[in-house]
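In what comes next, subunit A is part of two complexes: it sits with subunit B in the first one and with subunit C in the second one.
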Partner chain A sequence: MNPVLQVQGVSKLFGDRAILCGLDLELPADSTTVLLGANGTGKTTLMKLVLGLERPDSGTIRVAGLDPMRDASAVRARVGFVPDRPDVYSWMTPRELFAFLRPQYPRWNRTIESRLVERLSIPLRTSFATLSRGEAAKTMLVAALAPQPDLYLLDEAFSGLDPLVRDDVLAAFLAEIDLSGRAALIVTHELDLAARLGDRIAILANGRIAACKSIEELCGVDEGGGGGGDQPRRLKQALSDVLEGSAA
Partner chain B sequence: MNWNVDPGADKPPSQQIVALILDALARGEIESGAQLPSVRQLAAQALVNHNTAARAYRDLEQAGVVRGKNGLGVFVTDAGPKIARGLRRDETLREFARIAGEALRSGHEPRALVALLSKISERKSA
Partner chain C sequence: MKHIELYLWKEWRDQRTGIFGLILVVPILFVLAVLAWDSNRVATVLDPGLAAAIGALTALLVFGADLIPGEVRRARVAFLERLPAGLERAFTAKLVFFVAVTLFAAIYAMSVAVGLHALQGTSSAVPFLDAIRGQFVLPAIACALWIFAVSAWVPHGALAFPAAAIVIALLCSPAWFFFGPDSILQPTSGELRAFCALSAIGATVSAWFSFVRGYRFGRAPAHAALLGAVVAVLSLLPAWSWCAWRWHAAHTLDPHSDRFEISSAWLSEDGSRIFLNATNYAQNTPPDKVIWRGVRVDLKSGAWQSAASRVLVAEYAPGSASPARRVRSMILNGLENRIGDAHDEMVHSIKGSTGLVQDRNLPTASELGLDEHFRIQYWLGMGLMVNEVGKLNNSIFFDPFRKRTFDSAEIYASSPNLDRLSTCIRPGSWLVPRGLHRPREYELFDPDTRASTPATGWNAKDFLGPVLGDGRFLVVDSDGICIYTPETGARDRLTVRGELPGPVKYVWASPWTNAPLSRFQPQFLSLDGHEFETLARLDVEHNEIVTAHAARGRVRLVAYEDANTVLALEDQRTIVRLRFGTTDREVVFPRD
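Moving on, here comes the complex of A and B:
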């Protein structure tokens, strides 16, 4: 099966500063990949490139076989994106946002939309200007799940929430996300979350994917299925090994 | 039932789920023939990804504890509770032997450990 996302040799410069240089990443179907990396290493830039919001200086990107620059609207209809901060007009309400998005997504599922709105108690008629951080994050999550996309892109979607709200949002996400034939790329700096959500962990350093391994491989599950515990600490170790190695 | 999983614990999340289900079976909280949550529901309750939940069910199926019926869901087999009791007893006995060895090496008297065991057992049956 073709990968859901294929990024090959992608470079991106801002001025004379290279943010990404020759980055390769493939997301196979039925998988969730967590992207780890220090602040300012280009994680958000990578997401913008995948969405066609930025043009790569070199390299190719394919989302379900489509080029985000050439087929921008077709690609956006296949991607459910949660930005790190809601990129929505402050006067809009969740109800207006969903009404605005629905026609842009051929597979938008109103049952998923209303199930999540109810489960997460989203105030439909309150403007983004007055929604709490948690309510805004929940609304953006609905906007990424209801379209039943081929690719889910989540940029710090669960950060800044108080722990109980975070668990509710996470449970709703896991109850509704459909990964059959699809893939998810999740950016987070929370290692507990990375261990919970990721089948695969990719580490971004110096403009490239410095490591991309299954969580079992990274956390040392042995042949007989033993080991493999203490995952957040092992992820932290892997992260610092890669960062030290790439700095040398 | 509490499906709480901690990625920071010694065992990986899928094995923690296996242990939670085996314990619930061994205690009789889940009986043979009972339907378990779907992979998706289990993932949402344990807050782990779908493949982790699916792996837990695969391991339980291999042990003969559960059986997936196509399209219908996951069910506890007739022998499930018995197998679960065996597996959990073997595992906890091994763990007990290890801890007991450690306690003896650190200077506890065997008599004191036996007394502690009777006290715990009395407290449990009280």
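Moving on, here comes the complex of A and C:
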């Protein structure tokens, strides 16, 4: 089966500064990949490149076989994107946002929309200006899940939320995300979240993917039977090892 | 236009507060104007056209200038860009919304004005768009679209107006050649419409590139401005090229152009050259703005050379008492104008448009034996109109045969029906037309007795031509051209030798100086038929008129080379050499 996302040899410079240098990454169907990396390593840039919001200086990107530069509209209809901060109009209410987005996404599922709105208790008639941070994040998540995209892109979507809300949102995400034939790329700095969400971890360093492995491969098999609670610590250690190795 | 309604709804939601504000504020402002001002000023403000303009301008200020910068300022471009419909739909919706809200504001403000008129019990007398204001609509649309376009180049809508003013001034600078107060290139209505249409299209395309391409990939307004400016320049290149072509055409002399025209021509002293004033007039150029250029033509080779400004010759009359071929230095309006073979700079420009000074064949007061306080005005047949220096509105006739002056108002006091200013002074009785309009009857008027009798044998359908030296007249009647004696009614028929394509309607003295024909030798005539004009030479001794080649258009005598050969200006664009008694026609300028 073709990968949902295929990034080959992508480089991106901002002025003289190289953010991405020949980056390769493939997201197979039915997978959730968590992208880890230090601040400023190009995680958000990679997402923008995938969405066609930036032009790569070299390399190719394919989303479900489509070029984001040439088929921008089709690619964006196949990608569910959650930004780190809601970027919609402050006067918009969730109801208006969904009404605005719905016709633009051919596979928008109103059932998913309604179910999530109900589950996450989203106030439909309150404008983003008065929604809480958590409510706004929930709304953006619904806007990304309801289109049933081929690729989910979550850019620090769960950061800044209080733990209760975050768990709530995370549970909803995990319950509603349908990965059959689809893939998700999640950017986060929270290792416990990465350990919970990802079945693969990609580590971005020096403009390249320094490692892209399953959690088990990256952290080693938990022989001591310590359970998942130890995974973030081991993930942190693995991340340090990879980053040090990459720096060397 | 898929999803356009979504984006229109988005714009409406984005701007509805402002629209409601506009709906509220316009009537309040108008009512305040009604309460505060006198009826005249109120009538001006409540003029429907002006009210509509105020409404449209307000919409332009509030919405048009900030539709795009507003998105940039609130950092919502990235949101619009990441949606499947992209920035294209957003732009289209913004443009449609901008047009719609401007139209709405104009119509709304106009309706409020009309409503207030109705409440006041007055009617809005001025129509919404009369012919004069109608011509400003297209430029206004173009300017509005430029403001919209330039708003995409600046980070804040408030900067859009000054920036648009600069951009319009720069991009439309070629148009100033057309519209400027000293413009020689008055645009045609078609050109004006085309320029406005091109400008409107250019502004729209520029706005599209600025917003859709310029802000792509999260770029800054500076990039959008650069891209929009490049597109604006490219889109206005056709207009610039057209302006340049018009400018070039107006400043370059092409004798073979359809727009080539000669206004006047003179033969040089030695007969080897012709000096003329010519132009390639630009379409719609006002007469006082036409650029006339002096041209020197070598008659032998046909080679020609143009100068930067016009030829001015104060005195020249072929066949006059002075040398026939003469182009001489003289003082005119205090500026020296030298024209002649000795000077390469054949032309010196002169302020004002003096042209050929009126008949220099006029005798001086002393030559006529008059006091110096008399000033000679113009010929009246063989006599002269004079006036006294320092006196206004006095018309005094000088009869050279009686050698005395007559106060015209006094001698004609009992003959109010006579057109005294068309008096033909001649030996014996004067010939004076009765009434001002054709067909004309003529009276023989004796200035001594102030008695008048009808000209004998005159037919109202006849045409009275120039007076001859003996006081008789050339007349065109139903049988042709004859010499007419008004005292007896005698008509001595003239034979015509040479080409004459049809019956002659009018006969004039050819030099066009208003001087009596008798002062010229040879005596050249212009014969005017229904569809032709021709030059002719009068031979009174043999009762004969000898014609030259007849032209379909106007023919004007320029100079004569000998009694049988003349140079003439045909149709205001060709100098030809004609020979009397033949159909010879040789083009002297411009040659192929």
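Just so we're on the same page, the second predicted complex is superposed on the first by the 240 of 248 C-alpha atoms of A that agree within 3 Å, B and C clash if a C-alpha of one lies under 4 Å from a C-alpha of the other, contacts with A are read in each partner's own complex, and residues count from 1 in each chain.
Everything below uses one rule, namely that contacts are C-beta pairs under 8 Å (C-beta built on N, C-alpha and C of every residue); 3 or more make two chains touch, one makes a residue touch a chain.
The structure presented is a predicted model; accordingly, all values stated were derived computationally and were not measured.
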Fit-or-clash call for subunit B and subunit C when the two complexes are aligned on subunit A: fit
Partner chain in contact with A:D87 - subunit B first, subunit C second, else both or neither: second
Subunit B versus subunit C as contact partner of A:A72, first or second or both or neither: second
Subunit B versus subunit C as contact partner of A:A64, first or second or both or neither: neither
A:V4 touches, of subunit B and subunit C: first, second, both or neither? neither
Partner chain in contact with A:L179 - subunit B first, subunit C second, else both or neither: first
Contacts of A:L53 with subunit B and subunit C, given as first, second, both or neither: second
Which of subunit B and subunit C A:A137 touches, first, second, both or neither: neither
After superposition on chain A, the shortest CA separation from subunit B to subunit C (Å): 27
Residue ranges of subunit C in contact with subunit A within the complex: 3, 6, 9-10, 13-14, 74-76, 78-79, 81-86, 217-218
Residue numbers on subunit A that touch subunit B, as the complex places them: 30-32, 167, 170-172, 174-175, 177, 179, 192, 195-199, 216, 219, 221, 225, 227-233
In the complex with subunit A, residue positions of subunit B that touch it: 5, 7-13, 15, 40-41, 43-45, 47-52, 59
Partner subunit C, residues of subunit A touching it in the complex: 48, 51, 53-55, 72-74, 76-77, 81, 87-92, 96, 100-101, 103-105
